[in-house]
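Two complexes are shown next, each including chain A; its partner changes from chain B in the first to chain C in the second.
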Partner chain A sequence: MARRLIVRLGLGLIAVLGVIVVTFFLEYVVPGDPARALAPRARDRATIEQIQKELHLDDPLVVQFGAFVDRLAHGDLGTSYIRGESVSSLLWSRLPTTAILAFAGVVVEVLLGTVLGTLAAMNRRVSAFVTSFNLVFLAIPAFTLGLGLLLIFGFWMGLVPVTGGFGPRELILPALSLGLMGAPWYAQIVRDQMSDSLSSAYTRTAVAKGVSDRRILLRHSARNVASPVLTMIGMDLGLYLSGVVVVETVFGWPGIGQLAVNSLQQLDRPVVMGTVIVGAVAVIAFNLVADLLRMVVDPRARTEEGA
Partner chain B sequence: MSDAALEARNVYVRYGGLPAVVDADLRVERGEVVALIGETGSGKSSLAFAVARLLPPGTYATGSIEIGGREIVGLVPSQMRALRGASIGYIAQDSMAALNPTTRVGWQIAEAFRIHENVGRRQSWARTVDALRRVRIAQPAEVARLYPHQLSGGMRQRVMIAMALALLPALVVADEPTTALDVSTQAEILELVMSLRTETGAGILWITHDMGVVAELADRVAVMYGGRIVEQGTAEQVFDAPLHPYSDALLKTLRDLRRGAPGSAMFQIEGQPPSLSQTISGCAFHPRCPHADERCVVEDPPVEASETRRVACHHPLVVAAVP
Partner chain C sequence: MAGTVAGVSGLGRAPGTPGEAERRSLRELPPSLLLGVALLALIGCFAVAAPLLGDPTRIDLQHALTPSGLPLPVLSPSHLLGTDSLGRDILARLANGARVSLTVALVANVMSIALGALVGIAAGYYGKATEAVLLRFADIGLALPATLFALVLASLLPSGVMRVIVIITVLFWAYPARLVYGEVLRLRQRPFVDAAVAAGVPGRTIMRRHVLPHLTPMLLSYAPLNAAAAVGFEATLSFLGAGINPPTPSWGNMISEGEGAITYAPHLLVAPALMIMLTILSFLLIGEGLKRLNPELARVSWLGA
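Coming up: the complex of A and B.
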């Protein structure tokens, strides 16, 4: 168990390092000069060269990378070209915002998906409805769904603000969008797992023991369904924490996704690197947490061969 | 009203209009093992599931089924729940699939005490350990804390038996519980069941197609074919002098298996058992029966019954023994 944890942490670290290397060098493939982006109106070469010198953009790529890794090893993510702020303080200011949205989105999708999937496993008509629900919300693009929700609940019904920003009322629609787009996956897997579980031999044993339907669902099937759902929650939390770009943009939610997109457009390399590192760490960390939780609910996952 | 573990009369089971069990009469006394034998599709599982009311959703049995003197046909689900586990125990065939993989085996046994006797955590656990000790598990307290996949097949089946007998039910329905086990484990389980039925006084309805198991275990035997019970009697009666040609054929296949006769010399019953959708006129066995005549083709043989013996055949093999 401890050995497995160490192996997983080691693999995770290697993955993060890989992401860092690839992203760093990809940034230089993107055409454009950050110095020119910083001073778009500067006509003379001297100003541009001055900026390049200050940002060490004129150093060889390998030297720049070495300097970056050296700073990173000391916990310093560098300073934003554009905003002059340190990258870590930028990320820290955005991370809670994104975390709230990610968490709210996961809560909505898990609740919606689990309820729909469970009802579908028990009732054929609900199952047909869930199939159509899944098709619709899997097919609809994020921006269409987001704008549609804004139109209906914001402009027509006036229930939520349409101007964007950070706040409980502003959270409703982006969380609902994430939830509606994620729910089909949960509904699908819960329906499959639940109907397997309800028609299983161990459910028959429980029935023969005199266990009520409700208790079978809550005490016998739930645990067996929980394992794949936990895996998906871990993947989603990691993914959403790395920034839900489209949803954050549509609803003007000031999170990491927005920061990442803006920084990419402005060629603000240190900030892009920062958001990528946060994303990679989040994805790997939450997958690991999900795996550990899976071992709690499913004893078979605890054995080495179940890994 | 009878004091028998099971008293089933005129039981019919239909799957969407297709008859799986036709007019079955079956009695299991307390402390008695009755083997229900027949090929796949003979209706033995349908009859057993009807008795335990474990038929698939939407399928119902008609007739009369009394468990420990209590009629269960027509009971509403909540009444049936109160009887399940408490008056009817069930032992499944594949203990790996029949135990919940995510919970400790002890918890699964303790649940029976919790839901039926409303006892607390500590007390239900103590009784669980007792239940495991009863099935001769050496370290019951330790085993109770294990998960199904951590146990051997034989141990898991012991756990199933402990669960089925936990509340000392009048009747235990055992669905081929030894089929998935190796021969020596099978022998241990059979021995255990033999001693438990005297200790607990439970009547056991043992479904099997293994005549070897029947010979070792059963007090009485009921042979099913095409949804009907074609012959019933004590184990000695049926083994020594089968009345129905089908029972005779089953026994011949067993004898050849025991003798280890080479493939071609082995006795085989010609033809296939009838499927559910096939309607066979007269006696269901007539297309495969060496003794069949025109009467068998047209006329369904009535059940000839005495206190200890029943047969449904126009040409019983030992005429003198026919009731």
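Coming up: the complex of A and C.
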């Protein structure tokens, strides 16, 4: 188990390094000179060159990359060209906003998916309904669902504000969007695992022993369902924390995703790179945490062979 | 289509006379598969008929939609679905958007799966260093924040269908690569591979002649799911201005252009949104149907985007 953990950790680190390399070189070839973006009215070459020197934009690519990795190793993601703040403090200031949305989204999708999946495993009619529910919500891209909810609950019914921003009332629709998009995955897996478990020999034995339905569901079936659900929660948290770009853009939720999109438009290279790297780290880290939790809940996961 | 389907379902079945097998399998086909194919065929006809519906980029300010709702020429004979704020015919724009979506569903889909299959086979068959390097690339591909990375890539490429195809290929190959890799590992244990190795067949030939055919059912059932994801991602990119930019119509950019009219002309958003949903739905139904045909393929799931 320890060996498996070390292997997973090592592979994660390699992937993070790969992401750093890819992001750096990709951002470097993005057209547009940040020095010109910073001083759009600067007519004389001297000003531009001055800015380029200050930002080390005139150094050779390899030197820039070396400096970048060196700073990263010291936990420094660089300084925003436009905002003048350090990238890490910018990301930190946006993290709570994104974290609230990510957490709310996961809660909605897990609740909705587990309830639908469990009911579907026990009842044929519900199962048919869940199949259609899944197909419909898998078929709607995030931005379409977001705009649809905004149109119905915001513009037509006037239940929620349509202007965007940060607040409990503003959270409802983005969280619902994430929840409705994620729920099909959970409903599907919970239904499959649950019906496997309910038709298994150990459930039959428990019924024969006279164990109550409630206890069978909670003690025997729930544990078997928990393992894949935990994996998915880990994946989703990582994914959402890296900035739910589309949902944040549609609803004007001021999180990391929105920051990244704005920075991309302003050629604010360090912020974009910082977000991509932190996002990839979040995905990898949460997958690892989910794996660990799975080993705690499900003894079978402990014996699986590495990676 | 029936031929392909019979091929998928024919895994464990002895081949009968072709005509008989096809007639039987058609009747046995799951309803979701038939429904999906029918829906996709309708959308395909709509896309093919696009040139008959007029120029999607012709600006006609006299017949343009205004905030007061007038003239709102929905269901008028010249503009069945009305016009947008520049007086362009919505039906013609929808049909041309269908061309974009179906092109992406075909080309980007095939390219990402082909790349993924290539990587997966090479990693699974060669093992050792090749395997390690290729799998690390797949790890990177799966860890990248997709939308954000797509936006960075988009800023490097000129607007158009090619841009969308490149982005989707770059972002979508890693998952099928992992699927194929797992399957190749399983296939390598089978005696026919040992037999081929013992007979002195070169590795490349073994992969092409012996391993690849066994992957076909899996790849075929993954393709509709991948197509569904590709259509959704194209719409998202175009909505964010990172895919196909106006004036060329695509469902995603029609929605983003219609956003301003959300209060007085919601059909500007609803019509392309419905098209996106129906197209993705048709692919999902086909995927669902293929899974019913061959329960062995049920483990082929969809990463989603």
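Criterion: the second predicted complex is superposed on the first by the 303 of 307 C-alpha atoms of A that agree within 3 Å, B and C clash if a C-alpha of one lies under 4 Å from a C-alpha of the other, contacts with A are read in each partner's own complex, and residues count from 1 in each chain.
As a convention for this text, a contact is a pair of C-beta atoms (placed from the backbone, for glycine too) under 8 Å apart; a residue touches a chain by one contact, two chains touch by 3 or more.
Since the structure is predicted, the reported quantities are computational estimates derived from the model, not experimental observations.
J.: Mind checking chain B and chain C on superposed chain A, clash or fit?
T.: They fit: once the shared chain is superposed, the two partners occupy separate space.
J.: Could you read off the angle at the CA centre of chain A, spanning the centres of chain B and chain C, to the nearest 10°?
T.: 80
J.: Once the structures are superposed on A, label A:53 by its partner contacts, choosing first (chain B), second (chain C), both or neither.
T.: A:53 contacts neither chain B nor chain C.
J.: State whether A:169 touches chain B only (first), chain C only (second), both chains, or neither.
T.: neither
J.: Figure out whether A:257 sits in contact with chain B (first) or chain C (second), or with both, or with neither.
T.: Second partner only, chain C.
J.: Between chain B and chain C, pick out the one touching the greater number of residues of chain A.
T.: With both complexes superposed on chain A, more residues of chain A are touched by C.
J.: Quick check for you: in the superposed arrangement, does A:135 touch first (chain B), second (chain C), both or neither?
T.: The answer is second: A:135 touches chain C but not chain B.
J.: Go through the superposed model and pick first if A:143 touches only chain B, second if only chain C, both, or neither.
T.: second
J.: Would you give the minimum C-alpha distance from chain B to chain C, in Å, for the three-chain superposition?
T.: In this superposition, no C-alpha atom of chain B lies closer than 21 Å to one of chain C.
J.: Quick check: in the complex, which residue numbers of chain B touch chain A?
T.: 52, 54, 81-86, 88-90, 92, 94, 97-103, 108, 111-112, 115-116, 147, 149-150, 160, 163
J.: Of all residues in chain A, which touch chain C in the complex?
T.: Chain A reaches chain C through residues 11, 14-16, 18-19, 22-23, 26-27, 29-32, 135-136, 138-144, 147-148, 150-151, 155, 185, 239, 242-243, 245-246, 249, 257, 260-261, 264, 272, 275-276, 279-280, 283-284.
J.: In the complex of these two chains, what residues of chain A are touching chain B?
T.: 200-202, 204-212, 215, 219-220, 223-224, 297-300, 303
J.: Spell out the residues on chain C that touch chain A in their complex, using ranges where they run on.
T.: 136-137, 139-140, 142-145, 147-149, 151-153, 155-156, 228, 232-233, 235-236, 239-240, 252, 255, 259, 262-263, 266, 269, 273, 276-278, 280-281, 284-285, 288, 302, 304
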